[in-house]
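Both complexes below contain subunit A, partnered by subunit B and then by subunit C.
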Partner chain A sequence: MKSRLTRFAASVALGSALVVGAGSMPASAQEQGGELRLVVGSDIPSYDGHIESTFGMIHPIRPFYSLLIRVNPDNPSSPTDFVCDLCVGEVPKPTNDGKTYTFKIRKGVTFQDGQELTSADIKATFDKLAFPPDGIASNRKAYFAMIDSVEAPDPETVVFNLKFPSGTFIPSIAMPFNFIYSKNDLDERGYTWHQTNVNGTGPFHFVEHVQGSHVTGKKNPNYYHEGKPYLDGYTSLIAPKMSVRLQAIRGGQADIEFRGFPPKARDDLKEALGDQIEVQESDWNCVLIVTPNHEAKPFDDPRVRQALSLSIDRHQGSEYLSKIAIVKTVGGIGFPGHPISSSPEYLEKNIIGYSKDIEASREKAKALLKEAGHENLKFTLHNRGVDQPYKVVGTWLIDQWRRIGLDVEQWVQPSTPFYATLRTQKNFEVSLDFNCQAVVNPIADISKFLPSSGANYSYFEDAELESIYAELLATGDEGKQRELFAQFEKRVLNDLASQFITLWWYKINPYRSYVKGWKIAPSHYLNQSLENIWIDSAERKKQLGG
Partner chain B sequence: MTTPDISIESDRLPQRKSVLQHIGSLARKQPLGFAGGLVVLAMVFMAVFAPWLAPFDPEQANFADMLVPPGSTSEMGEGFFLLGTDQFGRDLFSRIIYGARTALLVGFTAAIIGSCAGLALGVASAYFGGYFDLILQRIIDVFMAFPLIIMALAIVAIFGTGTEKVIMAITIPFIPRCARVVRSSALAVREMPYVDAARSIGYSSARIIFRHIAPNVVAPFLIMLTAFLGEAILLEASLSYLGLGVQEPTPAWGLMLQGGAEEYAESAIWVPIFPGLAITIAVFGFNLFGDAVRDALDPRLRSQ
Partner chain C sequence: MYTYIIKRLLMLLPTLIGAAILIFLLLRLVPGDVCLLKFGGEGSYADPQQILQCQQRLGLTDPIWQQFFDYMVGFFTFDLGVSMWTSQPVAYEIAIRFELSLQVALMATFVSVVIALPLGIISAAKQNSWIDYLVRTFSIAGIAMPSFWLGILIILGLLIGSQAWFGRPWMPPIHFQSFFVDPVHNMSQLIWPALATGYRYSAVATRMTRSAMLEVLREDYVRTARAKGLIEKVIINKHALKNAMLPVITIVGIEFAFLMGGLVVTEQVFNLNGLGKLFVSAVTQSDYTMTQALVMLVVAIFVLMNFLVDIMYAWLDPRIRYS
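What follows is the complex of A and B.
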């Protein structure tokens, strides 16, 4: 398994070498100074990484904070390459039969307000993340289900005691949302203080946030990674409309956008600016999921759900939608290409809706609907009011379902009411939902498909699925993991058709070529500390003047 | 003795004009209004005969023909794309023809319901007067304090998107606007002796309002109705453009513009340009037609 993981890491790294020149300069060429202007397509709901899940928070706020460990910023495409951030040395190997991890903490690290960081801060942070008190939200609490306790025996040591050995522990600890907060802040100012205030140990210090306009940060002079950050500061401009973000880069008002543009935007920028634009592309650990509401008839009938999945031509969708939307790869429930995920050949032979003989699949879909007594089914697809890729994929799905005689309308809501419908009102028939994760960690990522996950809006119960997952989480044997993963996938996509996969996203980041040192990751949440980025001032002057 | 010929030229009955002569005369007197009327007729024709006029299914994606420029033939040899195709390979000409249905459905429904409800409220307010009039007019003041698009956006935000909800969102702001105009005319009619006569012989309020006052305020009502038609089409397009109106894959001009303007304004300019033109021509046509109706119904302008 290790060698398969290594091969996978190498292949994604190679894939990301669609990078044209980025990060390839020798260390001596890195230039100090300058300001980066990034543009973000979302406002900031709050500054608290522990409760937020959006790039709208990560992109402007992550540079103010540190993590205990992180995905290697020099190799962010790898799902297995983790390095210490606030810890020292290598990421520790487990002891005590895989149940204990001991981290040594850096000395001399200070928060923005001058407090010195100790292991007590790490313990307080992970206690909040894993064991939040009543009434305090922690969005990723489920990821830390294996943690039994966190100890800080001395100011430079943190010990994590696990309930059982788990391969998902290290990737979970490395998630970019796990901002390290000061124990003193948590104790004195409360667990919600970080929603509206910033006090971190990251490469940049918070300067200001003007609501709806921008966030600015300046270089942390006491940053503990020597020589970094290269930039003097950055401004994160808020621009929800994609055309504005695109024109900002084109017109030289912004240098980079980290979430990603559709292919047409990339082509327009390249055509207009030629070699002034660099492009990095990568598969994206993000997928839109069709989510039938099992509490709404006739979607309580698995035959109806299977028919919906069977009628979707994913292979043709991949070929054509990848020209107009940020989706591309056909895959199962796990990140495509990861060793534990199913191969395209396996999916084609074993999972419904993945056959290349779409006519046969659609005939089968019609037969299933007839058998269920819903040949001329009419329903509404609930969707989120975001063009890329939600509305594009929604329109494509409706077209696919029309081809088996279904009459489908689209009901689009802005993000807040969209989630209110999914979570509280539950008055939808079939909805699109997403599963976007940071660190590629398929075993943890597929928890979204569990009825008990809290983020599964299909509203069903299935003891067998829960049991397969519990076994998968607890097993350390890689062969067994693969077998259980496949069982889980078959249960979700075939037997229950409880939810089904559309196409995996594809990340395209065009940016000004004077921005150097940034490397794309398979997630728009990863590698956003900005500490490796530097500006080629001569090139910038050549492009923008002044 | 012979009987003199008593037929005098001037005593002859005027010859009846044919329909074509009427049209010709109207075109000479009101050339802009006539042009507007033609646009309205063309839209109605497109909407009614869409299934026969449109060469393709407007909702059917055809990925082999994505973003094909105007005047191209289909890759699959299935036809000719007069105005090109959009990002899903759908024929723009067919979508514009079917889009007229959406525009007219929303436009006519919102304008007719909004102005009829405004007529009833305006006449009732003038007829009953007193506290009823006072309270109703203050409520109307509140509604009229909001610009039309803001009010429509608020209603869509509360009730959600979709064709019916868009019609509701456009209809509601029309009601107070029509009611205010109609009331001012109805106040004068209320004082007419025939209204007093009707009241004195015991006719019910409803009968007086609908049989005796409402028909006499029909001129301002028709002017409002025709003005609302163009406004409703523009509002529908605006809401769809903002993603709050009708939704894909329904063909609607504002929605087509929204889908094309942001991403394809440079590389496939036909995607936003044709729906944009359709909106412009339709609204311009309805406005010209509305102006002509106003001129025809206004005694002062008619005498000129």
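What follows is the complex of A and C.
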């Protein structure tokens, strides 16, 4: 475990090294003032973080709100570094055998409308998230299954009582969607008021939202992190087409885009603007998963599913696809590089489809298909009508399967019918599915592979898998967690081949070099409060004029 | 004439009702709904109870006849409802985009008419000359070139040209400011899509103007005018042009209606927050209320434009009277 942690720390350091210049300036060099113009590729369904799951809401709205704790904005590439936001001091260690967490809350924090924040607001927020009343949606209720109760014994203390010790509690509390709302707003204005109204304690105050166009925010003069935010304000411009977002940065109409561009876009920008463009890159906590429908023959046969996984050359795919698509890293079911996840060496030796001897793997795949009586299998790969990276990866998979004699066609659907096919119609043979999470929280993230999760579209049952996960969820011991995690992974990818991993996504953020202080995180949902960002006005003037 | 106008107005109603029924039924044939997309569109866990609650709240679990009844009640009471995606009133969502779409449509129509009329007339007057060939090549190129593609070329041209000439690349603004708030920002954003779409539609109108003028110039009364010794300028402007305008006005009217809601791709290319972009979002998000309202708006604009064109026919050609 120690060597794994050392390796992980080294990889974090390496990741940080890719962040050229960002955040490395002394505090005195950070310039106050200016306005950031960011482009977002999605519209805002509502302002309510508790029910939304899109970056289209997080990027423009997150700066208006605070969290109880958060991923360290000075070290967001680390998936295990959490710091207090509205609480004070260090993130608390659990007491009562890992079942009680006590947070001390900041004094003097005010909402945009002037209400003072107390622990009652934190309790009301997490009560809404974990125990929403009938008819009230909470999109992350399942993440808080370990919470027994939340108490606010005095205005500056919040106590979370857990049903069992859990390694997923802290990452779940730090999720960027857990906006802290005012208890008074919830009580007086109702539980749906925040869908269409904003009242937060974040670094910026809400000014305006024109649907389909832009959101503007101005500096919160009473912000509790001293000296921050540096910016006077920001405008979040909505631009669904990637080419518009890219050209907007090139043509001086926007400064940054936080979701990420494919490699070709990065290269085009660098070619056009040279050192006026800064680039940060990172592994991304998103992955495309091949999902065979176990209710459709012959995909009820594990040998057929194993053959599909064995025939995929992930290592070569990584090399070539990373030049044209937002995928790169070969990994198992857990975020690559996380201490609990399997190492590349382990995967290569122990998990089917990860060997570098692809010819041997494909021979084995052919033998399995022959044994199952499906040597010349024909089937349809169901895919989502989104280029990056769905259609690119789907086309690559078809080519991989053709190499063992399979005849595969692609069936592409727009998002709404795509999810209807997966969830309600179930009339697909093999589909690409998607697991994309905010805070890196592998134990919670792998629930996607659990038949009972509600988000698994392979349609099968396996008591052993459920039992391993139940044990994993309830253990606080890191060594035991790692052991159970590996068992779970082996069961999913080897024994059942119930679903299998393609390649992990790779995040590439090119932006104007006068934007300073932002650090990339392994998720496009994280580190979006904008409070660390500042504008080098001299450099901006040099690049844009006036 | 008044009886005709009243009859035509009454005939608009069945057209609108027919379109309303059709769009209601077609939307519900597509599998999936806004709740499925909203709560699980990013591949996340989607609580079936939560999806059901959302569907109940939006009336998607009601029997289809009940949904249709509610929709028709809204239709007849001018209540467009609330967007299923944003929870904002549909009327508000449309209103904030209407100004932009109207301005682009007016500017593009202006560009189209300014190019089409002189070119079409010159082309007809100088039939089979080099000028005629040049105009015909110009108009065929316009028809062959989709306006969104021309839009992409314009943006790339601006980026490359501005970098080459001024040392820094420039592209038009990507968010809308009303002309009455910031006219420079407004025009520097909208002039380009107006040119791209205006050129495309001018090509159709140029060809229509040319062929209508050629037809009129062969009429007996034009020959008589020439025999009387009138100069060509007077013959064209006073005698031929007004009569040649009937098909041109039809084309321009239909184009204008199309521009109001049909600039789907061009709006995406220039990132215009107009009705076309809203249309795309509403369809991809399975936002039934918004899609229905937008379809009905476009249908209403089309039937209204047809109606106005018919009325203008009667004004332009006094022989046309409807009983």
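Some points to look at:
The working rule: the second predicted complex is superposed on the first by the 536 of 546 C-alpha atoms of A that agree within 3 Å, B and C clash if a C-alpha of one lies under 4 Å from a C-alpha of the other, contacts with A are read in each partner's own complex, and residues count from 1 in each chain.
One rule holds for everything that comes next: a residue touches a chain if its C-beta (ideal position, glycine included) is under 8 Å from a C-beta of that chain, and two chains touch if they have at least 3 such contacts.
Remember, it's a predicted structure, so these values are computed and weren't measured experimentally.
The superposed arrangement places subunit B and subunit C next to each other on subunit A without a clash. Taking subunit A as the reference, the larger set of touched residues comes from C, when subunit B and subunit C are compared.
In the superposition on chain A, A:Gln316 makes contact with subunit B only, not with subunit C.
In the superposed model, A:Gln543 makes contact with subunit C only, not with subunit B. Contact with subunit B, but none with subunit C, is seen for A:Val412 once the two complexes are overlaid on the shared chain.
In the superposition on chain A, contact of A:Lys241 is made with both subunit B and subunit C. When the shared chain is aligned, subunit C comes close enough to touch A:Ser46, but subunit B does not.
In the superposition on chain A, A:His214 makes contact with subunit C only, not with subunit B.
By the touch criterion stated above, A:Asp399 is placed in contact with subunit B alone, subunit C being left untouched. Closest CA pair between subunit B and subunit C after superposition: 5 Å apart.
In the superposition on chain A, the residues of subunit A contacted by subunit B and by subunit C overlap at 241, 243, 417.
Interface residues of subunit A facing subunit B in the complex, by the touch rule stated above, are 241-243, 262, 264-265, 267-268, 271, 316, 319-320, 323-324, 385, 387, 391-392, 394-396, 398-399, 402, 409-413, 417. Those residues of subunit B that touch subunit A in the complex are listed here as 59-61, 63, 66, 87-88, 160-162, 243, 247-250, 261-264, 266-267.
Residue ranges of subunit C in contact with subunit A, taken from their complex: 30-34, 36-48, 50, 53-54, 57, 85-88, 92-93, 96-97, 152, 155, 158-159, 162-163, 168-176, 268-271, 273, 277-278, 280-281, 284-286. Against subunit C, the residues of subunit A that register as touching in their complex are 39, 43-46, 51-54, 135, 137-139, 141-142, 195-196, 210-214, 235, 237-241, 243-244, 247-248, 250-254, 272-273, 414-421, 423-425, 433-437, 447-448, 453-455, 543-545.
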